[in-house]
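After this come two complexes, each holding chain A, first together with chain B and then together with chain C.
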Partner chain A sequence: MRKRNFYIVSDGKLRRKENTIYFENAEGKRPIPINSIYSIYALGSLTITSQALNYLAREGICVHFFNRYGYYTGSFYPRESLISGDVVVKQAEHYLDREKRLYLAKAFVEGSIMNMARVLRRNGEDDTGVISALQGLENSESVEEVMGAEATARTEYYSKFDSMLSGMKFEKRSRQPPENEVNAMISFGNSLLYSAVLTEIYHTQLHPAVSYLHEPSERRFSLSLDLAEIFKPLLVDRLVISLVNKKMVGEGDFDEDFKGVLLSEKGRKKFLKAFNERLERTVKHRTLGRNVSYQRLIRLECYKLVKHILGVEKYRPFVMWW
Partner chain B sequence: MYVIIAYDVSVERVNKVKKFLRKHLNWIQNSLFEGELTQSDLEEVKMGLREIINEDEDMIVIYRLRSRDVAKREVLGIEKSSVDEII
Partner chain C sequence: MIDEMYIRGVEVNYYFVCKTKLWLFSHNVSLEKESDLVKLGKLVHKEFYRKDRKDVRIGPIAIDVVRKGNELEIQEVKKAKSMEKADLFQMLYYLFYLSNLGIPARGRITYPKSREVVNVELDEKRLRDLEEILREIDGLKRGKMPKPVRKKHCRKCAYFEFCFAG
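Moving on to the complex of A and B:
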């Protein structure tokens, strides 16, 4: 079966029966064919039996958990089947060597900036402000400076958001908690993207904790954060802009708390559906010459990184061509 | 491709077939499964089924469609199972 992502928003239990994963709750049973699962996003309160986990692990399926606010909390990352000591050692070498690390950090930010510019141009906005941050990036001599260049670009980028959106206000990027609807969607989207990238890393030899732009010491799968930077404009920002402008989200899709704004259960389902459609959407790849899904593009990015690390081919970041 | 599999097998094997197909496809109703498969998945499914059934007594029909959309699927009565990826 063609593998899909499953998003479990209802409360219930996941168990294994007759070599199938079943989702059960008071409303009934729902079998999920094991061969159709690519990864699972657990957003409701979910009980999983150890038999189910063992079975998922055997099939190499990651389960990503989110708390009730929609923040990513952790992943069930099955024992790796694709292990390559060589890749991990080389990955570390690229981190330890200042020049090599700087090259990768710059490449990630360059990809990120180019994609932000792409989003702006596509929406008829001026991208010169964002593009000019590339100069600062070029001259950066440390990872801190690279991050500075990224921040400059991002400020420029976000300053154009309000004129790209109609019907909802963005104002400024606010997180933990997001202060308005648009920020709530961006935060939720970024959490989902982070997990999607992690799933792809799992299917390669890369070690998810050795990263270049973000410090690897942050108790996180920080390589996922690095790669997610490149894909945020494509998979999250464009999605949010289209949901807002097509008036697909609105009244009833958000809950206002005393502290901030979050997607309501209804809104979350809508967002997940749209996010998943986006991951499955395909585009004709220029060098491969065939259609690949957006999700697959993330995997290809991982492969490019492996090639770079092994010295086969220099890494160039993904930049949207459409 | 989108695949529909209907089977009529002897009672002692019917559960084996069901259990096997459950791993790959969505159960729709008794003796009927549907789902998206790749060419190689389908070969795997066919191989698995051949091992279970007795080819002198049982019968399994496999329909291959280009996509779910061309099936113009219509349901009368209650749909017993959902295939949505948001649960």
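Moving on to the complex of A and C:
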């Protein structure tokens, strides 16, 4: 059975009965076969029984929670079943060694910048501004400078958004609260992406808290933030641009109040559907010679990282080749 | 008695299948969980020889099926006959391990899907080969991860994406 992500938007209860998970609410009871669940995104007000959680844990299924504004609040990250002391020790070594950490931090930002440039070019925009940030990246001698190069590239990148978008204004990146519709979608998309990356890390021997670009002390699962940087242009920005330009979001998809602009329930459903379609979209992988989903690309990135820290093959970040 | 005795049976098997897989597996970088072929293999193991004693663990080895008659008989259940040499030496290792403990046994490799049985005996020549292989496995495990080499059977392996995604 093909496994997929489940997005629970309405309020209700998740329980286990024998070997099936059921979602129940006022409208009825819907079975979710355990073998079909890859991960669960809980966006409504969800009650879960401990039996259900135990069962999900046994099957290694992550559950990601979002509050009613669509902000990520946390994950149910089941007990690790893939543990390799060798990998964790080496992962930490690459953090502690300044040069080794810098290499990875730079690689993540390089991937991020290259993918930003790709988005710009596909939309007929000039990418020289973004590309020139690579020079600053190369000259960086500390992780702070790497972060600086990333910020420079991103400012350049965002400055092109308004000419790529028709019918909605971006102006500038704003978060907590997002000041307009485009920012609301980017924020929501980024937190979904963060969860998707975390799910992939869970299925590897990598420790999610040992990171290179972001400080491990910053947030709990900071490796997720590192890897998400590379995939934001592909999985979030391109999605937002296409939703806006195809006029697929608009009136009724957003709520505006003192907290800024956020996706409404209707808008969130639309966005989730589009986001998941994007995760499931496939591309022919050049070295594997088989089709892989965009979600799987994240896993492959984790594998590449494991190989790098084990000293087998130098890590090169994923850059869109299509 | 010999320090090779911490080696697991499946590691002897992997020695013939792929050195990279052997190294990764022995360093707990296991990727078999999501593989449908591995699930099928586990199912074959579960479904056949239901009446017998199964999964008998002795130190690092785990024998699929054990039967006690006049003499101990151990069986290894395999899904398909594609890696015969690997299967043979895995069984030879079990026999060797048991004989070191002073337990004589007879070995059988069974392929329930094709209804085939291969009887295995540990003779002098095979013992020398096995000892050499165990020494090599020990060296491999202590060394760095061998770089993946692409072969025909790689595409079916649970480590395929890990090895060749770039």
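Everything that follows uses one rule, which is that the second predicted complex is superposed on the first by the 321 of 322 C-alpha atoms of A that agree within 3 Å, B and C clash if a C-alpha of one lies under 4 Å from a C-alpha of the other, contacts with A are read in each partner's own complex, and residues count from 1 in each chain.
Throughout what follows, contacts are C-beta pairs under 8 Å (C-beta built on N, C-alpha and C of every residue); 3 or more make two chains touch, one makes a residue touch a chain.
Since the model is a prediction, treat every value here as computed from it, not as a measurement.
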Query raised in the report: Can A:G85 be said to touch chain B (first), chain C (second), both, or neither?
Result: second
Requested in this report: State whether A:K307 touches chain B only (first), chain C only (second), both chains, or neither.
Outcome: second
Requested in this report: Have a look at where A:M248 lands relative to chain B and chain C in the superposition and call it first, second, both or neither.
Outcome: neither
Query raised in the report: Thinking of the overlay built on chain A, is A:A151 touched by chain B (first), by chain C (second), by both, or by neither?
Result: neither
Requested in this report: Determine, under the contact definition given at the top, whether A:R30 touches first (chain B), second (chain C), both, or neither.
Outcome: first
**Report entry** Which superposed partner A:L96 touches (first chain B, second chain C, both, neither)
**Finding:** neither
**Report entry** chain B to chain A touching residues, read off their complex
**Finding:** 19, 22-27, 35-38, 41, 81-82, 85-87
**Report entry** Interface residues, chain A side, partner chain C - complex
**Finding:** 60, 81-87, 203, 205, 285, 287-288, 290, 292, 296, 299-300, 303-304, 306-307, 310-313, 316
Query raised in the report: Contact residues on chain A for chain B in the complex?
Result: 1-2, 4-10, 18-20, 23, 30-36, 269, 272-273, 276
Query raised in the report: Can you list the chain C residues touching chain A in their complex?
Result: 27-30, 33-34, 144-145, 147-148, 155, 160-162, 164-166
